[in-house]
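As structure tokens, the structure follows; a few thoughts come after it.
First chain written, first letter: the chains are A, B, C, D and E, and each begins at residue 1.
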Amino acid sequence: MIGLAHFLAVAAIVFALGLYGVLTKRTIVGMLMGIELMLNAVNLNLVAFSRFITPEILTGQVFAIFTITVAAAEVAVGLALFFRVYRDRNTVHVARLNTMRW
Amino acid sequence: MNLALLSSEIAIVVLAVLLICFDLFMPHRETRRSLGIVAACGVLAVLVHSFTQYGTVGTVYGDYFVVDHLALFFKQVFLTATLLTILFSFGYVEKFTQNKGEFYALLLFALLGMMIMASAHDLLTVFIGLEIMAVVFYVLVGFDLENIKSSEAGIKYLILGSASSAVLLYGISWIYGFTGSLLFKEVAANMAATPAILMGLGLIVAGFCFKLSIVPFHMWAPDVYEGAPTPITALLAMGSKAAAFAVLLRVFLVAFAGLKLYWAPVLSVLAALSMIVGIVVAIWQSGIKRMLAYSSVAQAGYILSGLLAANAAGVKGMLFYIVLYMVATVGAFAVVVAVEEHSGSDAIAAFSGLAQKSPLLALVMTISLISMAGIPPLAGFAGKLYLFIAIAAQGYLWLVVIGFVMSMISVYYYILVVKAMYTHPVQDDRVLTVNGPLKLVAMVSLLATLFIGIYPEPLAELANAAARALW
Amino acid sequence: MNDLAYTVAFVIFAAITVGAAFGVVTKNNLVHSALLMALCFIGLGGLYVLLQADFLAAVQILVYNGAIAIVFVLGTMLTRRSTRHGTNETDENSPSAWIAALSGLFVAVTLGVIMHTPWRYSAAGPVQDTPDVLAQLILTDYMLMMEAAAVLLLAAMIGAIVLAKGVNAE
Amino acid sequence: MAGFPILTAILLTLVAGIVLLALLPRSANQAVKLMTAAVMSIALGLTLYVYKAYDAGVGGLQFVEQVPWIKELGVSYSLGVDGISLPLLLLTMLVGYASIFASWDVHERPKEFFIHLLLLIVGAVGTFISQDLFIFLLFYELGIVPSYLLVLGWGSEKRVSKEYAGMKLTIYLLLGSAFMLAGVVLLYLYALPEGLRSFNMAALAQAAGNVTEPVQIIAFFFLLLGFGSTLSMWPFYSWAPDGYAAAPTGVSMIHAGVLKKVGAYGLIRLGLLVLPAGVAFWAPFIALFAVANIVYAAFVAIAQQDLKYVVAYSSISHIGYILLGVAALNLISLDGAIANMVAHGLMSALFFAMIGLVEVKTKTRHIPDLGGLAHQLPRIAAGLMLAGMSSLGLPGLIGFVPEFTIFLGAFRTYPVYTLLAISGIVFTALYILRLLANVLFGPRKAEFDQCRDASGVEMVPLVVLGSVLVLFGVFPQWLMGMVNSGMEPAWAQLMQHLPAASALLGGVFQ
Amino acid sequence: MFSQYALDHAWLIPLLPAAACMIIGVFLRRLPVLAATAAIGMSLLSFILAAGVAAGMFAQGITIEQPLVYKIPWLTLPGLAVDMGVYLDPLSVMMLVVVTLVALVVQLYSVGYMHGDEGFGRFFSYISLFAAAMLGLVIAVNFLQLFVFWELVGLCSYLLIGYYFHKISAREAAKKAFMTTRVGDFGLLIGILLLQFLFGTLDFQALPVQIPAYLVQHGSGLLTVVALLLFVGPIGKSGQFPLHVWLPDAMEGPTPVSALIHAATMVVAGVYLVARAFFLFSALPEAMAVIAWVGAFTACFAASIALTQRDIKRILAYSTISQLGYMMLALGVGSLTASMFHLLTHAFFKALLFLAAGAVLHGLPGKNDIFEMGGLRRKMPATFAAMVIGVLAISGIPPFAGFFSKDEILLAVFAVSKPLYAVAMVTAFMTTFYMARLLFVVFCGPEKSGQQAHEAPLSMKIPMAILGLLAIVGGYIPYTAGFGDWVRFGPAAHLAFDWKIAGSSTLLALAAIGLAWLIYGSGCNTAAVLARRSGLAYQLSYHKYYLDEAYLWLNHTLVDGFGKLLSWLELHVVEGILKGLAGLVGQLGNGLRKAQSGNLRVYGLVMFGAAMLMLLWLLFDPLLKGLLAGGGY
């Protein structure tokens, strides 16, 4: 029987994969994608909890909706900044973003 | 439901939207200082208004949004910080080639985010407030289009910030999952030290520590502080940090109060690490903004330590410290802004001979820095005393010792700035002109630092009243 | 829906989600990654359906697939690269193995947590008409949050425009 | 004059001086100095009145002023003097007064210089007259940043650069005070129960018995670290020689003469009188450190070639006597320790003032380059001689009686250490006599024939400090009686708390 | 009556010279005539007062047992009450008279001797200060007062030895004097502290009452240590072996100073202290033995050095050391009377000898080697006469002053210990020999070439005459006037006379004079031959047994070396540790700073790594704790 644990496990794996993406990707967009994966994992978690823990109050789903909203806002701003960086330096590689260090 | 409780927030939104509209209809060549003045006046009005809200404690829309003394206290801190930031950034903003109007509007949006955080009484509201503030700050950090550092800082802040938001959210989801609620009170009621809760706790700590720039989640701070437009750096240091603390207080002292046994050791280590790392790394900095960034890391460690007391005295210490840190920071950054405008550099070397060019600015800088270091008779000392008395009473003597020792070591790099200002020769003979609002901010900071240091009681009373709202 | 079908559906959607997510982070081509991400979101939408969150599944597919994934692709295009190859490669300097280990450890710990937590399952059945309930919730209890989210979107929009417009627009 | 807040008046006079100085134009060289001198004169006059009007027969705290300050922490603006603090207040004023005149030759940015100098003095005055720990702390570190700036802006370089010396001084003192503050926090927390907590020193001293022994031991350890480094206790003295050598004359005078004593004062007021069990535990270590101070520093002083370094190490050596007096833990040695603070303050200030003059006149402090100065500079020679003689404890000068009483008291507790300490007077004599011989006596050197002897304002430090050295030397009761009138009641109070600690004391308090 | 007035105002005796010192120091430094007048006037007044006190003492029958004491509290602390005051008994009155008299005479002499010196005023101010301090010492009512003035006379001695401070030798000698006596004071101070510690008082009246009881109760062990520590002070001050080395060097001071301070008064302070504290010493046989032997050895040792010295003042200095040894010896064998009697006569004849030597040096500027002088008796007849009287007096030829006192000592020693007596006799022989040597070499024989010697002026002759007279009659008169009835310890000690001892010592002295004549006076060239023949012994004596060199080595190699070693440690080790610590903090900062590489990925990795660690901590810490406690979550 598929239960809460399975959904949570899927969410955990997706979250971990997102994490891996954020930490290994070379470009800003790749990193942003990793973040999106993490946020979606969170959403899955929330919805799963909503279903199994508080099925009559949909707090988790409401939260997930807000998460989606926020994710959209973040992506918008993120891509805008990504354009700025790209225009400024003509590169998309994060490793090159080290004007400021130490 | 009492919408009057929301009046401050509504006023700020309206003000922000109005600014955007005004900006649209203003002639292109206008400096937009008028917008700044409008913004400042508006914020000042809200600040004044907020004092009338004392005594009217209540919640709006269920229990999700609460207006109590603690929230009011924090809101006033944010309002003051924003007001002072706006005042000293007139000159700075005029250097932007465009988007000056949006700058003020966005500042107000950030302020709104902070204010929502201050009142948040559930994890969702916390999250929304946090995100408003964070997203606006991502924009503001990257706002200086002329400066490639600015966009770099912005994207770094955004990626790390979003990732940490995701972590925070993931943590929140576990808490929700186990307790079945997002409201702090219900969370507290359904609390049990299960793995899920501890996992959520750990992730939430990580998420907040990022916003607070607590070691080892601080690594974004130096880069972002350095790259961001200076007024934004100031507001990041004062506002964003204070807002995160506002939430932290409620989360840990209301929602997670029962888990003190678990989070206190972790937070004590993090606080100690912040004090140590922030200070030893700051020693090496040659740019003042970066130095202040590390210093803010250490200061966050100090403030965080107050949480360990988990009682009104500790919270009072934190609130007190937040205010004095704001006061000192605003003074320091006002001077940085003035010097940056004058010399185009934020290197410590740019401060050479400032005492001769402008004794007032040099004095303000000195007092601010020394106050941050916590040397009597300035405000920083009173703040540290409140904090450390509270936590020592709970047995964290080792942390007190580390705190005092590190604060004294921090004098080393603060005093290097002082030395540059007072003993190094003037580099050029250009006259340093300081505009009125900036001078006003500097004076306010100076007097407040001295006053709080010598007569801390009024502020302590205020902080105490605010702290009691938690219990 | 019987248990077996439910299980099969879960396995399929879970496999899609996880497999696509894996592809997102391992593919070297950004466009491929973006498309795989869309697939992943579809998988997630399926899982939402299995969780009786049909409205959310719809939102998921609309917003994420329709908006976010597309924004990513567009963003990639806008960088005006002639070839898409190597646009999303893993940084050779990053200690991938360690990061993989970290992620693996994270999963392991999380699974441990999931298994060792005494979940307080609710016996109540799921809400059938989720859009209605959600609307109720959002416009009453979470009214303020919704307003705030609106402000957030406004601010993000202004910010994105300011940043994307750049200096040249003058 | 009853009820007139004279101690506040002293403080306010100095603060008003600072404000007035800040208002003077930057170029007003002479006016700045005159203003400072006037302010100090008024303050000194008030202090002398207090010293005279203090009723030693009654003893205890007098001229008390108390205004609630931060009620919730138990802080009050509480000033007052007793026999312990009054001599030190007088010392501060005398040394401060002399230092103003010793700094008369400052021509570079005099306004800043004198503002900073006055800040140092205000800090010291405040610590001595405050009867509230919080107020004490406010003043305690007031001088540190100004000291740094003074060393940097007006100092000189010798063994190390002045940047290094100034930084070392600053960081050292601050690190010490970090521990001190931790100790204060402990003290505050454990002395009185919540709700009754107070920073009032008298209240803390009354509650001395409440603190449990382990806490006392830890708290005293912290205080010892803090006050010990201010006091340049071995092994925390390293800032002092370089700091003094690098600092301008007036600052060396105040630092060696007064600010160091703040450490000793704190150790007695906060450490000894409030934490009897703590002090009993640490006393043997303090005694050991004291002997190390005395002997080690004396030997190092023997090998120094720079006048200021000799005196700096000498001052470290003398601090050992004060520490020994504290460690001996009996009334007479404590009397001696406090009186020795005054004695050492005056003599080291005089020493530094004279060395400053020598440096101004001859442009060098390197002993082998000097010689025969008694020919050209007889007055300065007399000053150095006076300082040197009181430093080696010549009876008839201020140094003797305090040292004698310390030895007398310490002998009871630590006979061996005391013998070693007394042997210090031989080594002290050795380097002091060498210094005097090599600098003042010997063939006339032609290169110093152009030097004019001290005259006019330059004589003020010599006359003021010298006459007090002699006066208190000839009439030691004026000093010792005052000190004892303060120490005796405090001691009696301490004795009430001692049963708790007596197990540790091992028969020290018989 | 004047004597009553004097007794009541005895405190003025030290204060008058002190006033002179102040007046001269402040107003009259540049006015030589007035300065001298003030100093001498004050000295005269205090001498008159002292004489009045003496008269009063005789009239009122103040004895050792019933002293007249005035005191005022000086220091009153719990557990330490110290008075300052006047202690008048025959012992101190005798000293008062001697000191004021010699001081007066020497000051008179100085007017001539120091004439034209640029530091004339300074000289008189110092010497007045000295007189004040010495008188204060003499009338001390307790050990602390004594110590206070003891140190002050030391200071004056230091100042006056270094009077010619442009001379390196003078400044070194001054330093040496101070240092050496300081070593003695180290012991004295500890002794005083112990006394205060043991008895709770330092008073000269209270202590004698307590000591017998203490001895009965606790035995003499600790008290002997105390006494010996106290005795270290006199060893330093009175030039006893091994701390005598400063006294010959002290001759760098002006000759009147040598006469007053380093012959007649200050150096006997040590003897006086032992006499004053005789209630303590006499109760402790071991301490007495030590004193006796130290005294005897010093006497003999110093005399043996004096045999070969060439500097006229150094010879006298060693003679002083030797005579001080004699006095100590007398005290050590228990005869306070003999010791004090010798102190009295010695003050006269030694001051006389110094004044005469001063006259020689004044007449022959720039020379002090006796072998560069010669045949001066014709050019300086008065000086010669004075010298002859002095030599005869010190040699113990009857009826000169030294004869009586020396005989008393020999008598007392003979009664106690034969070996000591032998030493004393040998010393007496050597004393006479080297004094005669000095006399013959300087005044007899041929005149050395190119000497512009001239006789001393009247102002120097009159003092010499006064002292000459005293050196002649100063022994006989007290002897007959019952000195022992007054100055004594215990029962009245009538001055005895033993023909055998007196005769043998006189014969011995005459033999020594004869031998000296044979070697130095007769014109035969025996001196050089003798010097060569006696080889090692001569070298040892001539180089003062290399004691100075040993001390120098000790001082320069050990003390300085240790000091240098510690300063090296200070500069390199202590500083190194500090810099190391600072560097450590710095390097920590630097390392952490390097982690801040600007690379986003590193930041992320650190953050998530830390978050992971934190999770593990939070999850496993309670687990572990729970397992240990036997439960789960």
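To be clear about the criterion, a contact is a pair of C-beta atoms (placed from the backbone, for glycine too) under 8 Å apart; a residue touches a chain by one contact, two chains touch by 3 or more.
Bear in mind that the values here come from a model prediction, so they are computed numbers and not experimental data.
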item	value
Minimum number of chain-to-chain touching steps separating chain B from chain C	1
Intersection of the contact lists for chain A and chain B	C, E
Between A-E and B-E, the pair with more C-beta contacts	B-E
Most central chain, judged by mean C-alpha position against the global CA mean	D
Longest centre-to-centre distance from chain C, chain (CA-based)	E
Cα-centroid distance, chain C relative to chain D, in whole angstrom	70
Whole-Å separation of chain centres (CA-atom averages), chain B against chain D	42
Whole-Å gap separating chain C and chain E, where each centre is the average of the chain's CA atoms	100
Approximate Å spacing (C-alpha centroids) for the pair chain A, chain C	6
Per-residue overlap in chain B, given as positions that touch at least 2 other chains	124, 128, 131, 135, 138-139, 142, 145, 151, 154, 156, 159, 163, 167, 174, 177-178, 180, 194-195, 198-199, 222-223, 284, 409
Chain A: positions in contact with at least two other chains	8, 15, 18-19, 22-24, 31-32, 34, 48, 53-54, 59, 62, 66, 70, 73-74, 77, 80-82, 84, 94-95, 97, 99-102
Touching two or more other chains - residue numbers and ranges from chain E	593, 596, 598, 600-601, 604-605, 608-609, 615, 619, 633
Touch relationships between chains, expressed as pairs	A-B, A-C, A-E, B-C, B-D, B-E, C-E, D-E
Residue ranges of chain B touching chain C (in the complex, touch as defined)	6, 13, 20, 60-62, 64-65, 97-99, 102, 105-106, 109, 112-113, 116, 124-125, 128-129, 131-132, 135-136, 138-140, 142-143, 145-146, 151, 154, 174, 177-178, 180, 190, 194-196, 198-199
Sites on chain A touched by chain E in the complex	19, 22-24, 31, 94-95, 97-102
Parts of chain A lying in touch with chain C, wherever the complex brings them together	1-2, 4-10, 12-21, 23-27, 29-30, 32-34, 36-37, 40, 43-44, 47-48, 50-59, 61-62, 64-66, 68-77, 79-84, 86-87, 92, 94-95
Parts of chain B lying in touch with chain D, wherever the complex brings them together	366, 370, 375-377, 381, 384-386, 388-389, 392-393, 397, 400-401, 404-405, 407-409, 411-412, 415, 418-419, 422-423, 453-457, 460-461, 464
Interface residues, chain B side, partner chain A - complex	124, 127-128, 131, 135, 138-139, 142, 145, 148-149, 151-156, 158-159, 162-163, 165-167, 169-170, 172-174, 176-178, 180-182, 222-223, 226-227, 284, 290
